[in-house]
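Questions regarding the structure given below will be posed in turn.
Just so it is clear, A, B, C and D label the chains in written order, and each chain counts residues from 1 on its own.
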Amino acid sequence: MTHLGCSLLSCGVVDDRHFEMEDYQGAIARWCPGCGDHSILTAMQRLLEEEQLKPEQTVFVSGIGCSSRFPHYMKTYGFHGLHGRAIPAATGIKLERPDLDVFVTMGDGDCCSIGAGHWIHAIRYNVDMVVLLLDNNMYGLTKGQTSPTTPATFPSNTQPYGSYLEALNPLTATLGVTNASFVAQTAEWIPAHLFETLKAAYHHKGFAFVRILQRCPVYTEKIYEDAVRQPDAIEMLIHDDGIHIPDLDEIYKNQIIHDPGNLDEARRLAEPFDRFRLGIFYRNEKRPRYEDLRRLPVRTAEEKVELLNQEFDRYAV
Amino acid sequence: MTHLGCSLLSCGVVDDRHFEMEDYQGAIARWCPGCGDHSILTAMQRLLEEEQLKPEQTVFVSGIGCSSRFPHYMKTYGFHGLHGRAIPAATGIKLERPDLDVFVTMGDGDCCSIGAGHWIHAIRYNVDMVVLLLDNNMYGLTKGQTSPTTPATFPSNTQPYGSYLEALNPLTATLGVTNASFVAQTAEWIPAHLFETLKAAYHHKGFAFVRILQRCPVYTEKIYEDAVRQPDAIEMLIHDDGIHIPDLDEIYKNQIIHDPGNLDEARRLAEPFDRFRLGIFYRNEKRPRYEDLRRLPVRTAEEKVELLNQEFDRYAV
Amino acid sequence: MATKTRASSEKKKGPGKGSKKKGPEIIRVPETTVEIVSDSGEGAQKCGQIFGAVCAKMGNGAWTVEIIPAEIQPPARSKAGGSGNRVRFGTEEITNWGDATNLVVAFNEQVLLGRIELGALAEDAIVLLDNKWATHADEDIQKEWQGGLKELAKHDYRIVEVPMEEECLKIVEDPRRGKNMFALGLLAWICDRDVDLIRAQIAHQFRRKGEEIYQRNVELMEAGYGWAEKNLDFRIEVPTIPSDVPKVVMNGNEAIGMGAIAAGMELCSMYPITPATSASHYLSEVYDKFGGVVHQAEDEIAAVGVAIGASYAGKVAYTITSGPGLSLKQEFLGLAVMLEVPLVVVDVQRGGPSTGLPTKVEQSDLLTACFGQHGDAPHVVLAPATMEECFHSMITARRIAEAFRTVVIVLTDANLATGVQPYPRPQLDARWQQAPVSLPPVDENVPPYDWDPQTGLSPQRYPGQPGGMYTATGLAHNAWSKVAYDPDSHQLGSQMRSRKIAVLQQTLKPPQVYGSDSGELLVVGWGSTKGAIEEAVDRAQAEGLSVSSCHLTFIQPLQPGLKEIFSRFDRVMTVEINYSDEPDDPYITDENRRRAQLAWVLRASTLVDVDCWSRVPGQPLRPGNILKAIRQRLEMGAKV
Amino acid sequence: MATKTRASSEKKKGPGKGSKKKGPEIIRVPETTVEIVSDSGEGAQKCGQIFGAVCAKMGNGAWTVEIIPAEIQPPARSKAGGSGNRVRFGTEEITNWGDATNLVVAFNEQVLLGRIELGALAEDAIVLLDNKWATHADEDIQKEWQGGLKELAKHDYRIVEVPMEEECLKIVEDPRRGKNMFALGLLAWICDRDVDLIRAQIAHQFRRKGEEIYQRNVELMEAGYGWAEKNLDFRIEVPTIPSDVPKVVMNGNEAIGMGAIAAGMELCSMYPITPATSASHYLSEVYDKFGGVVHQAEDEIAAVGVAIGASYAGKVAYTITSGPGLSLKQEFLGLAVMLEVPLVVVDVQRGGPSTGLPTKVEQSDLLTACFGQHGDAPHVVLAPATMEECFHSMITARRIAEAFRTVVIVLTDANLATGVQPYPRPQLDARWQQAPVSLPPVDENVPPYDWDPQTGLSPQRYPGQPGGMYTATGLAHNAWSKVAYDPDSHQLGSQMRSRKIAVLQQTLKPPQVYGSDSGELLVVGWGSTKGAIEEAVDRAQAEGLSVSSCHLTFIQPLQPGLKEIFSRFDRVMTVEINYSDEPDDPYITDENRRRAQLAWVLRASTLVDVDCWSRVPGQPLRPGNILKAIRQRLEMGAKV
């Protein structure tokens, strides 16, 4: 928590504020009615309330897309940057200000298409942040173009006769990257599961990647229709170290016991794209975090001048 | 092979040329003495000779880096483009001219760092080409900066006190991407294995990704030193459907029988970065290829004018 | 002051004022502007599109502009949430969106107020307003409605309350999905539109939705038509002049797409971005049958890279994007210039900087189009001004790209992209299609860059040509495409790449002056503002002002003769949709004033003191505002 | 004509000509240029670096330039493969690399011939050449050697064959790893350099290699010194003037790195690219102890994104790159302008376009630095001209970035980056370090963009400030950072972002004129060409020509007073290292001539007919060539 930039924080008075859900509500959400993003927003506000995060110590970072409007709807600090580039900005924020809680929301185009390079590398860096992929399997904001996660043969405005390729599986892709430390999947229409997953992600120290299956009634209504209606279409990964919500046992009867520590098994389970498996696929807190690897000494201005003068001595005529 | 752009080809005379190795030799290679790229160049020229590829029907595409000088040293067509962007250029060439044989050479910075997004997506597209990662675990051309595949703690000019992160494993990353169809690893200092791997890649119909362990005596001399000296450091993946060079059995006694059709196993075997496992990890010719999915009708100019006039009719006042 | 007329549903409010029998008042005008505006999702855009197309098909000149809300899904009944379409049509050709709306159909009073705040309505506009809100179950809404009416009363509008909801409910259960067709019917009767044409256009719009939907929509339209006939006491007549010239009507993005097809290009490599994407939607639908493909790449960099790879190997390919995408493509554009690989880039400009105003018009990418690549990378920039020029610019662009082996950037904008205008149907030429690629063997003594030392031109060489093997490289190279770091090779290569553009310049014609050849003020423009500028000039001339205009198609290289033309006017100023400081702003001096982008280019090129008047409203410029600027500049006196 | 002197190894060729007893000829000059050139890998660069540093440390003015081969690993003994260093040093300050070399040590005749072809040598140069090739086992090489000597004989050089290999073999087994120190010894004796200083410098160079290597290198150096003493009959004397001003000597990239540290910046987020990378190498080595980090990102886009994220959240961060990287960063630069997040970008220019000449100097990124972002994105561009200015520019850049909440691009180039020059040791100021970030609570009624309506300035707000929560957005927004698509908000935001730059301009001083205040010709330059231009002006004035010069530090905004200054000269021309067509080239007219980049900016800004003389040799410009251009332009007569 000590950091040059925020020295004032450490000498602050005791903070006895209590925050309600409303304290986290920013502008009125302007997503379409029935858009899955709404429930993600609610779950997030619940999480912040439950964790009593200070609004001013929390930053939401996003790219461009429907999903990337997220920061505007939170009453925290926000950074609504460029399409595909949420992660570099978030990395900069966290490197400069490790005292802040950083959340990233991205769409499937944002994260998996234009942002793919940053995504892969961020998994490696394993900087401590919560990273949400709001996956509606389509480019929403630009009005319906095929995304990397669009299922094969599903039509869009750029591939009107059906998507050419099999969908990219964000879970296996993430799990393929060395230093992955937290990979989970949840669905926005199961609020309890969504909430618990966000919470687990928040408590993970490292890069916590969560793919959220998200309905877009405008462009991809059909895709999650069955999964929403038929709980049997869903397979819950449960484990003592994972997520297990007993209340849901009655509804979601397909359960797989999976130890999030098992990478091989995680990859195997993540493989089929057409199976909706929810839960924590992988978690490993022992992975090195980039920011820890380079924690630095903090110097006063005078010390720095002194040190720089020593440098000059080396170059003196 | 039929294509608008090259109709002249189809009405050519019978081609009875025979090509020697020299026929594939372009400018004199300007890599450092002892650079592993030299032997890759030789193996490639051998392959072209063995396959009797027509120089004019072959295109080498690269980015920027030591390894990316490759096209200049071949006497074929070449495209030496931008750092990290070899794959999009190669994709364009192949989409426009399916009749050409396309080879891509990239460095580890080129492919896995700045080019990571294209790499991931190219695996998905599965366009038919041979893609070589010349992995010297370092930025060579720019004189020694840490690359994604630099082993942890190995020093460079940008991380002089040792690389911060564990190396990215290009094999698991590739195998994590949906639609991967050919993934192999070889080492330039084992010419026979290198050659057979290139050959298998060439004969694969689809995106054939080969990581070549490549020595850079200038910046990363130490990294492959042991593996070069001690054949026991190497584990050969062998299989009837894979690569098996009986002549090498005596030298490389560590052998793992691995069926390249087995994806789970491929991922498991690819996992440890510090083990030098060579062979074909995965091969699947049944994966859809982007260019096949969108094969198009060929129209004459007159037909097109006719069709466009029909379009105008729809918009007529 | 127009008389306020309140028509209302007979059923509810009893018989309307005055008897309808004596026939409606006929408002006969040479042109009018009609607007339909609703909450987003209520279909006002479709209604407007059909109406605009029908106007064009009936032989009127027309120009439509989309009204796009700021938000993805703005809340219902919010001022900023208005969505719809604005159609200006007239007896003669219509070249721009005009100043203000004369007739508006609004689905609620809030979106109407939003439009009024933006200054969209003429002071004597006729307003048709759904009055269901007066009796809405929610009292707050009733109050808003009352407040809204009070607000409206401050203006001189002629307001007609229409029971749209009520009438539609007779036909459909959910009037949100039908009111737009009812409104279409209203407009059809008022403006005396051909009902058969409307039916055909409805059929086209809903071609993928099946017969039932079509029927219901027609029924709704007819209901609106009937209601208007029964209840309204005015009609607007905009005569048409029959014409023998066959015409087509489409928006600029469709024109770009068709132009690309007509130019024989077969690979559109793109990444979605508003407002460029609809061009690729169009192409995706039809390209297959032409043997063309739309490749949606993983990002803009890959998109242009794929296009360049294809151009290197065969036919000229192109990429379509908007500002942020153009920024990302710059490195690759420099490569194409260096490799002398032909490439066409369409930049459909939107509001900037950064993500800016993604759906709105602006002309602020001119300088980045000219100078956005690092190093000296000479290439071509041109800007069509109309839907028709959008079409033809693609044919020109391909030809220049190929003949000069260079990059051609075509600058359009959101105004052209989404606006609709009829124009003479192009005569297609099969030669435009011709594949340039043949693969004859190459004489080994001819280098791959066989530059003509005078012109810098050289023929392109393609993989597949026996004996011609070479490696294209972005490094400095000599004619043999060998890496060459010596001073002479780099100087020569730079010279050859520059010379080509000078040679192209010599083939261009001076631009035409619109209006008198000399005078007090010359207004210079480029791109989609042409119609508005010329209309303003017409009006100024009618006022007796000494003003002409001149519209540039080529920005790089510039057309010849500009200095000479400018010298004939006391004062020259550009009118552009980008940002410039006003001369009298605080802290602004002649030295530090940020000038509009074309003005900057013209000053450097001609050394004439080219002034500018520019704005960034996220909307097309209005002729009336340009006229005001003209008057004001003339008052300031001569400056050249 | 200098007399040719052939010294040779006593052992082999018997006693040298003439007796050494009478003491060597002393060539006393105010300055001289020395060059050492070898195959790459033979260490000539290190030798030159040490020699240059020693010259500076002895109190001479100095300027060094790296000689870099075109290839990664050029073949041995090839003309294009020469690698080394060129050191110009003098009694007074030396500001540029000069025209030609007076004394050269070459390890083989081929690299020497390569240098001669490039015009590097003065016609009366003294050449010391390893003669081992005369007796080489390979007959072809012997023949080459003979041919080479014949070639050399055509010039007026004073050639001294030195048995370098032979002498080195007495000390080391592999002379490839030692000849450079022997050569250093030769030069040390010839130029009478302080041997203790040399030893210290060798110790510094090989500080990581251990005592043994140090000892061996010193021994080799001393052997060279001794050999020269015994065999050579001339020495060169360049007096030093003792000075009280403490000085430091370093290259421009080190100066940039130290400047960043002095400016209190702590995050350098970069991606490797020549010739920028060495700055981050320097920083990577020392930054830890200052609490700073070098973040090597996955690509240039991420690099600048990380910097912007950090700047948004705390202290100004910076990114260092070269042309191709700048192209990739453009989208993010536009975002920083829009968010008003301060950011410093260093662009170490190299030859373009595209990958171009990665190791060589050019000044061709000026326009893309100014206009490379889509949309209207006003920001600052400045260009240091010397190593000293490199240092101070980082402090200025941070302050402007912060005070004006904008992007500052610092343009240096490969000439500054790798060249070495002594300059007065900066007096550090602890206030430069000060963290701007404090996190007091915010009054909820104050918007995050609390623009002063006059100046456009507003204080930055940081995460962590209670009550100040807002979302920074690249979309058009109002003062509250709320997305706002209405015309007024966008116009206002654009205005505020532009106004700041105009305000900055008002704080700048007019540039100084070097030489007379008025006259026939004013030469205008920017960046690393300053020394060469001023030297050319000095010489021209000495010839009686009426020439002055003027060097600009700020390119955007431009410094005030330019038009006024220009008006005092008959003719104004820029001298730049980028491409321009010559006025008399085929097809080139005044209308289509591509002009050098600063010339273009100045024309637009001042409307003065600013001419240009520019070249892209991949080398610094020579004062002699600039002088020629001055003479030629003066012959053409007045043009303004």
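Descriptive notes on the structure:
Heads up, the rule we're going with is that contacts are C-beta pairs under 8 Å (C-beta built on N, C-alpha and C of every residue); 3 or more make two chains touch, one makes a residue touch a chain.
Not measured: the values here are computed from a predicted model.
Centroid analysis (C-alpha atoms only) places C farthest from subunit B. For the pairs A-C and B-C, the larger set of C-beta contacts lies at B-C. Remark: subunit A and subunit C have CA centroids separated by 38 Å (rounded to whole angstrom). Subunit A and subunit D, compared by their mean Cα positions, are separated by 44 Å. One finds 33 Å separating the Cα centroids of subunit A and subunit B.
Chain contacts: subunit A has residues 64, 82, 113-114, 116-118, 120-121, 148, 294 touching two or more partner chains. Shared interface positions of subunit C, defined as residues touching 2 or more other chains, are 71, 288, 298-299, 324, 331, 335, 354-355, 473-475, 483. The touching residues of subunit A, when paired with subunit B in their complex, are 113-118, 120-121, 124-125, 148, 164-169, 172-179, 263-264, 267-268, 271, 273, 288, 290, 293-294.
Those residues of subunit C whose C-beta lies close enough to touch subunit B in the complex are 56-57, 59, 204, 246-250, 254, 258, 261-262, 264, 266-267, 269, 286, 288-293, 295, 297-299, 301-315, 317, 331-332, 335, 422, 425-426, 428-431, 433-435, 437-440, 462-475, 482-483. Listed in rising order, the residues of subunit B touching subunit C in the complex are 3-9, 26-27, 54-61, 64, 71-72, 74-82, 85, 87-97, 99-100, 117-118, 120-121, 294, 296-299, 301-302, 304-305, 307-309, 311-312, 314-317.
The touching residues of subunit B, counted against subunit D in their complex, run 28, 30-33, 35, 64, 66, 69, 82-84, 109, 113-114, 116, 139-143, 145-146, 148, 157-161. Of all residues in subunit D, those touching subunit C in their complex are 70-71, 80, 118, 323-324, 326-328, 330-331, 334-335, 337-339, 351-360, 362, 364-365, 367-368, 370-378, 454-455, 473-476, 483-487, 490-491, 494-495, 497-499, 501-503, 505-506, 557-558, 560, 562-563, 578-579, 581, 585-589, 591-595, 600-601, 603-605, 607-609, 615-619.
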